[in-house]
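Here come two complexes built around subunit A, the first alongside subunit B, the second alongside subunit C.
For the complex of A and B:
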């Protein structure tokens, strides 16, 4: 239960950090926050000093700092995220609305990457330095050097603009999933494949593997009985770390493909200085990381009991 | 807890790859340094008559949609993000080294507090932190430097702390302490030689991460502002004119890829 305790401390710390950061952001915005918020509400052509003052009074944008910070963090701990400064809707409603779109995109991307990366990695690891291994190393090194936005750009130019096979942006139909999730999945698969390959190569050199062969099992049987579970341990562990890459990818990819998810909302919130929305989205992403990694810590212990002892 | 040690990939590294990586970085650096010496020109000068036209001697990579020389904008862009990235990496490495050694040497609540803060930062996506800092700090370049330093120091801190802890517990350091050597000497003679080789890898990765972040945020219009020549911004500006001027779009794409591939190879075969 040590795992859960340390992850809980991490979660609280994440909340305090985001809360303080967004509070400082609220206080130290360059320019007048009231003007920006008013512009966000009424449009840039329809604001004047009176509208800005009204917003300032309504939101209490001036006043002493420390009590305000404590109140701010107190609200956060009570899971009261407040209302969006732009739309006036409760932040929690907006986020739950957008989270679904992001989670479905992320899940499709992870699934796609697991279908591409590990099988290739395992095949390559069974014959280290074979042609598949060398080819995979080359491709995955190249893919790792391509940032997600560049991958998105290449896919849009080649598949959507030149070949006209798929729409470049949009949301709602199954075909809209393909390009954004492929963008995320290729980056994830590049790393997945290398991890599976290295784990497989390491396992194939172990005495128990050779013994299984020697007693007459085929490679297929050895892999199913003795290989997969061992490969799964580092793969699962890295899946937790890849979650950060995935979230960064979601922020970028959603903005590029116009996907109405939480990353898109975050970029918009930052753009219009909608601090409660920034805080809410950042908190969901940070706590999501902690939750996913807690689940993964526990799963790894199930797969490989040696970790616990 | 420490996922980084889950498997050691160094055994599979090829010695030739760092050399190829260094060569690629060198080529890009050479272009950035000598580009405007070989073909003098200005990155901001517009001539709308030449918008999207092809290469000519004064503009070897053609013109963009506003009739500015893509070649000279690329030279400027290849100065901008690497300088911010290197500045952020130096700051982050310094902070990580000092705090990491401090944590390992002092132990107790100082160490625990630093580890908790580092773990919390690790749970936040780097781009998110950079975006929040960008919104607070006036000046985009300054904001990128501050935000990226904040993101990157964690890795240096973790490396330094893990290594220093082992070294400080070793008999060699205990002997040095008994002989009365001070903390500066201990760091210089015992700790630094252990950390130094890892620093290069971490620095190359950090630089690549920083350049990627600047370009990615530029590409979604929340990073550098037009008319600053920046790699991601150039790409998104030229994307609509892909059919008319493919070379203009391909130039920043190829330059970015070469630079990032070079840095990745230079860092060696380490994951994440």
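For the complex of A and C:
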């Protein structure tokens, strides 16, 4: 119960901080916001000074900053995110629509990374300094060192352009999931393989690992009964931290693969100075981080009785 | 017919012989104790019988268990005996239980996986096993909520659930106080019963005496004496056995009482100390003079270590005062830890660590050499890492490190509880002699009342507040940040 209460307070603070910070950043960006918004609405080829002025008057962009900020924070209390300055649609509608696309991509990516990283990590951890362990260290360090935009481009060039196995971009079919989620998953798996490997190597050194063998259990039984359970604790904890990597990755990967998700929307909203959209999107990502970590906390408590006491 | 017969077990490290041919037999209902100091090869013997010798060592000899005859040189053959024929009582019962699994399930899994019982049957059997050991009501507890004694009973139930008749226990009483040590002796005797076999490896004289029956005294891989335990205790034939028995703190010559003439280095006034909102002791007052040994004794969990920490200023007492002699530098109060291995950085040589202390405290480098000689330590040890020297040497090196800071007060918290009696006697003698010569006030904390009685100038005995509820320091699992 304590966890939930403290996380709730955290969520409120995140909301206020993100709201204020994005507001200040958007106000201090160079360029004329009215022009950008007008361009977002009508396209760059169809705007002139008159259109920009019309937008300026309509949205009251000349007004002082503080009332605008307080107005937004007040609306937030009533869970009203406002309307997009570009499309005029309620921000909440746009976000819920895009969030679905992003969450499904993120889930597939995490699932894929968990299928790749931890099993390899556990096998490597069972034989520290074996060929698998050393190979895995090399590969995971390499994968982690490649920035995600580069990884995405390499995958597009090799698999989509050269081999023509999969589409380079798009959304709607299962095959469209593969390249963007693989881009994200490789980065995630590189790290969680290492976490699993270190945890497994440490557990295999623990007296209870040896004692399970002495009870008469085979190594396979010991791994299934005691190894996985104990590896799961640090791995789950780390999953919460990986969410940051994931959000960062989603913004880049969605833009590259044209995935209609929240990251893609955020980038576009910034380009066209759509302040309510930026605030709304950043807020949802921030609160998502709190929600994921609350879920992780509760899960770890379920697995590890020592945390709760 | 004997349960286990080992013939001519020899253990070699390359060309060095670590254990000369040793034969032993285990008969039903007759416990066998192998007694020896650290490095005598007694643990290696147990490992050879279990097939757990490190791969770098080679063993020779035959082990007959029931009708099976195994070759000690082929450890893989022993694997199938674990849990089924041989049960092991682990040294660290807390750490030997899976921290994330309930006590009952840790026993039940042996019944299902090793004996092949059905789940429900195994579960019922596990409940019965634990109830028989006086653990009814604790079946659903997790290891971190069990006391050390309870964890040990869960471990032995789990170790034997596969049907093992032979129990091997390697140092089962390391670091335990007298009541708990007797509990372990009783537990082992009960588990053995009339039909089981029991092999205990130890340096604990009191444990050996309580188990009785047969005993083998080992020294540097060689049998010094072998025979009936009570007879050996009553009239040891070998000089080494005599020396070993003399090292029992019970038999130390008592210290001549001295009245404090020197000024007090530290004074406690009406001290009350609590940990986690539980008062450990209250209204304790005393002072420790220069060159004097102040002994603190009492059962586990009575607050001995907390008293030391309060004097050192590591914890704030709930009430009362700790007064240091005027003009004391902050670092002049030092602590000597129980486990020297964890008090040194693992991956640095001991010399490097001591050089750091010298650089930090600004004393002359020659002081290390002087102290090495004073503490009878070989300078060559400094090139090694902490895990490559013996416990006794390492504890003397920790004392050396503490002395480099020219302390006026040392709190030695169970400094020898992990050492064998002969080494313990030596370390305690050096510790008290050195502090007396240097005019250091020494607080010596130990659960061993005889040791304190025969060593200290003044004795403070703390009472037990809650014997069974004392919670252990179970290492928490932490998230390892990988090397990327």
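In this section, the second predicted complex is superposed on the first by the 298 of 309 C-alpha atoms of A that agree within 3 Å, B and C clash if a C-alpha of one lies under 4 Å from a C-alpha of the other, contacts with A are read in each partner's own complex, and residues count from 1 in each chain.
Definition applied: a residue touches a chain if its C-beta (ideal position, glycine included) is under 8 Å from a C-beta of that chain, and two chains touch if they have at least 3 such contacts.
Owing to the predicted nature of the structure, the values given are computational and were not obtained by experimental measurement.
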Q. Touch check for A:10: first (subunit B), second (subunit C), both, or neither?
A. first
Q: Give one of first, second, both or neither to describe whether A:88 is in contact with subunit B, with subunit C, with both, or with none.
A: neither
Q) Which partner does A:18 contact after superposing on A: first (subunit B), second (subunit C), both, neither? A) first
Q) Regarding the shared-chain residue A:43, is it in contact with subunit B (first), subunit C (second), both, or neither? A) neither
Q) Counting residues of subunit A in contact, which comes out ahead: subunit B or subunit C? A) B
Q: Kindly classify A:213 by the partners it touches after superposition: subunit B alone (first), subunit C alone (second), both, or neither?
A: second
Q: Give one of first, second, both or neither to describe whether A:148 is in contact with subunit B, with subunit C, with both, or with none.
A: first
Q) A:229 contacts which: subunit B (first), subunit C (second), both, neither? A) second
(Q) Just to be sure I read the superposition right, which of the two partners does A:251 touch: subunit B = first, subunit C = second, or both, or neither? (A) first
Q: Pick out the shared contact residues on subunit A: the ones touching subunit B in one complex and subunit C in the other.
A: 141, 144, 191, 194-195, 198-199, 202, 233-234, 237-238
**Q.** Residues on subunit A engaged by subunit B in the complex (per definition of touch)
**A.** 6, 9-10, 13-14, 16-18, 21-22, 24-25, 28-30, 141-142, 144-150, 153-154, 156-157, 161, 191, 194-195, 198-199, 201-202, 233-234, 237-238, 240-242, 244-245, 247-248, 251-252, 255-256, 266-267, 270-271, 273, 278, 282, 285-286, 289-290, 293
Q: Flag every residue of subunit C that touches subunit A in the complex, lowest number first.
A: 50, 79, 82-84, 87-88, 90-92, 95-101, 109-110, 113-114, 142, 144-145, 155, 158-159, 161-162, 164, 474, 476-480, 482-484
Q) Any idea which subunit B residues touch subunit A in the complex? A) 1, 3, 6-7, 9, 12, 17, 116-117, 119-128, 131-132, 134-136, 138, 208, 212, 215-216, 219-220, 222, 232, 235, 239, 242-243, 249, 253, 256-257, 260-261, 263-265, 269, 271-272
Q. Considering the complex alone, what residue numbers of subunit A touch subunit C?
A. 140-141, 144, 190-191, 194-195, 197-199, 202, 206-208, 210-217, 221, 225-226, 229-230, 233-234, 237-238, 303-306, 309
